[in-house]
Amino acid sequence: MPPRAVTKSVRKTGGLFDGVKSNVEALIIGVKYFIDPKRMTMFYPKEYLEHRPGYRGFIVLKKEVCISCAACARICPSAAMKMVRVSEVDPKEPAKQRQKQYPVINYQRCIFCGYCVDVCPVEALYHLPFHDVTYESLGDMFLTLDLFQKEPLRPVEKEGVPVVYEVDETLGLVKRERKGGG
Amino acid sequence: MMVLETILYLIAYPPLWHVLIVGLLGAFFTAVVAIWFERKTAARVQRRIGPYWASPRLGGFLNLIADMIRYILQEVIIPRSVDRVPFVLAPVAAFVISIMPMAFVPLSPYEKFWPVPNMDYSLLLALAISTVPPLMSIIGGWASNNKFSIIGSIRESYVITAYELIFVISLLSAAATYTSLNLLTIVNAQSPIAWLLFLNPIAFLAAFLAVLMSTSAFPFEIPESEHEVVGGPYTEYSGILYALNMGGAYVRRFIYAVIMSLVFLGGWAPYVPPADGPLFAIIIPSLIVAIKAVILVLIMSFLRAVYGRYRLDQALDSAWRLVLPMALIGLGWGIVLGLIL
Amino acid sequence: MSISEGTLGELRSKGVEVRRIDKEYYEIFIGPQHPGSGHMRFRVKLDGDIIVDADPDIGYVHRTMEKLSEGREWLKITPLVERMTIIDACNITLPYINALEKLMDKRPSTRASYLRVLLCEMNRIASHLYGFGIFGVFIGHSTAYMWGFGDREVFVELSEILTGTRLTYTYHIPGGVRRDMPQDFPQMVRRAVRYMRSRMPEYEKIFLNNPVIVTRLKDVGVITKNRAAELGVVGPTLRGSGIRYDVRLAEPYEVYGEIDFEVPVFEDGDALARTWVRVEEIKQSLNIMEQAIDWLERHRDEPVIPKEDYDKLPKLHKEVYEKSGRVKLLPAQISMKVPPGKAVARGEAGRGEIFYYVESDGGTMPYRLRVVTPSARNAIVFKRILPGHRLMDLPTVYGSIDYFAPEADR
């Protein structure tokens, strides 16, 4: 059946009996949850969410794969990614230095849209499944070429237990400890 | 033994025991417990944890203590445009006067433990004094010289006119039943289990709703309704003065609950205090009364999780059209009860 | 002390707004830094407790989306415009992509259409629950607030699994979407749908049928049928006034025409009816989600971008798509040229109809982009409907039209 508009009406209320009944129903729901809270809180630093592999988190560069095409820097909607020119040893002719461009990222601007990862023609960029990393100063958020190749440390991993969210029919989201390690 | 006895007698010295220990400390403690319970209950119903990290084993109870310390140490900002003297005095006076009804209620059947020598008009006196503190919040709001404060104060004054009559009438139903304004007579008549809660539930419900209105608990949290008038009468207050204002509402709720537990819940019944020594004659009965009062306060706190707030005119409408007739029916039934008993 | 007319004239000439203070009325400023205002300001004139005049002063978060778009390549506009309504990002960007597809003469693959519809409906539920929560706390019901936000998390989590991020999906590309769904996604969606269905009666009991809330909402902010048409309000505000209008119905986009669902309409026109419209819409969105996921499960083999586009992809791109369902973009798409022309597209976002006008001069960036957002059209309600109500009705009306300030200030 195609979509259609249907006129409905708000349940008519009124009268003493109805008022008492609705009050009691609301109170019963309150008491029900008071007795059995069905909580969904995550104790964040003590537990942390382990995102699924597809999560668009921090971005890391595989320098040896990069072909310096600059597509990532051109597609970045917030101009967070820029190409830098470095001189390095040419792998084919070790005696010679060569000039090459590599991307670097500024996490002050990055919006984690993942365009750069998707546009890279050689898969030289990849996402990490988290983005809760802290920096001491705004200047630290400009990653240099060396830092951009390292996976940043996630501070919460030191003290917390990884959990995953599962969708449940009666409780909504349930957090479960991740099975196995690593 | 003599030393212990003497210390107990000193503690049970009526003005000290009633006003400072049960009144101030009890109210203070109840305020903290009630706020904590309110937050924890709301959290449970709302599927959260509530206060936690300050002391995980105590369910975050120390969080409230930390909050209190913060309020005490916080800078008190007195804006230049306020009327200083009433601005500062109003919350202090409100807090102190809130506790005063404790000086007129009996917590023991024996005369030597009464704070005043004669209990004949205790119900009337306690009620009379309990009506003063809201005036202070009106004064404070007016002295704040802030538009939101003034709107809040006006709302408070509307609410006062609505609930006070209800509260007094519903409590007077007890006086009608036992033909006495003496709280002691009322308490003794209910012993051990013939509580007015069971005999006259309508008056009890009316009084309960009146307390909710007077201490701006949900669903009647109208004067401080955050989303229109920021903090209501307390918008300009900060630090300890704000804490006195906010805590004052909980203290008043506790004091009202004490009066209600004496009138409707049989006071220290079913316990019958023996005359020997202060421990059994006053300390245990007062604890029973206090526990009944705390339970009432906690039930009031629970309502926050279930209800929103009424609009001012709707609250007044329900007060005058629904709760006042309830109180009158309670009074009528009280008179009938008096004729039967 | 009074200011002379000369000084006033001087101030006026400098561009200072000068007006007389009305001594008859009590004037208060609600917002932009006020617990109940959001990112906007109301200038409210009160006669006693009655609102005589309410002036919504929108523009606090004005970000000139339309002008910024003129300096961006076509693909980069999606992450920009979705920042208007970050909680409804899928619905708000879809018409832009539709307009772009019209200009490029591209048809999305059916599978992509179903994925778009699925994400849009999850987003609609999340957006309604968000609005529901804000509404709850506006009228003092903190449980509705926490429940709304807690249950919204279920759908936000599902969106994260589908797109890789919680809110700013940037999911649509011309001709398709950027990700296919994971293998175990259908089960999750079905569980979430069943969960939300079982929760709806509890919401009704504690909030919608709660006598305090009913008293508070009934006959408040009444917009009659004629008035609604005259003011040009959209979305649940319009359908709460009894007008049978929904873009999904009037001009079905994507695959909405093939899906069996109802558009709930309520006749009363008050705050309660508008809230009920949203609740019924959540129920219908759950139905749509189920149908979409059934279809998607039956047609697993189709790619999420048109077949001819898929065939043209390089080998690595195909491998990545086979392995992880991720559609890689081509560098040529960054500075793609769109044929000159004008296109309009509209869609039904959580708060109402969203309209895009896109004009291309054949370059890599749009010549003009015009957005009309639902909140901008609903803001008129404050000015026209609030007078005559009490001050305490301001949050009620505000919450019931689910006004979202950044959306109005695009």
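Which chain is which? They are A, B and C, in the order written, and residues in each are numbered from 1.
One rule holds for everything that comes next: a contact is a pair of C-beta atoms (placed from the backbone, for glycine too) under 8 Å apart; a residue touches a chain by one contact, two chains touch by 3 or more.
None of these values were measured; they are calculated from a predicted model.
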Between A-B and B-C, the pair with more C-beta contacts: B-C
Central chain of the complex, centres being mean CA coordinates: C
Chain A and chain C: spacing of chain centres that average the CA atoms, whole Å: 22
Chain B-chain C separation of Cα centroids, rounded to whole Å: 46
Cα-centroid distance, chain A relative to chain B, in whole angstrom: 49
Shared-contact residues (touching 2 or more other chains) in chain C: 143, 150, 206, 210
Sequence positions of chain B contacting 2 or more other chains: 45-48, 305-307
For chain A, residues that touch 2 or more chains besides their own: 26, 29-30, 40
Partner chain C, residues of chain A touching it in the complex: 1-11, 13, 19, 22-23, 25-26, 28-30, 40, 51-56, 69, 71, 74-75, 77-78, 111-115, 118-123, 127, 165, 167-173
Sites on chain C touched by chain B in the complex: 26, 28, 30, 34-36, 49, 136-147, 150, 206, 210, 212-213, 215-216, 390-395
Chain A-facing residues of chain B, complex: 41, 43-49, 52, 302, 305-307
Residue ranges of chain A touching chain B (in the complex, touch as defined): 26-27, 29-30, 33-34, 37-41, 43
Residues on chain C engaged by chain A in the complex (per definition of touch): 72-73, 75-76, 78-80, 143, 150-151, 153-154, 157-158, 160-161, 163-165, 168, 170, 178-179, 182, 188, 191-192, 194-195, 198-199, 202, 205-206, 209-211, 214, 239, 242, 244-246, 248-249, 252, 256-268, 272-273, 276, 280, 314, 316, 320, 324-331, 333-335
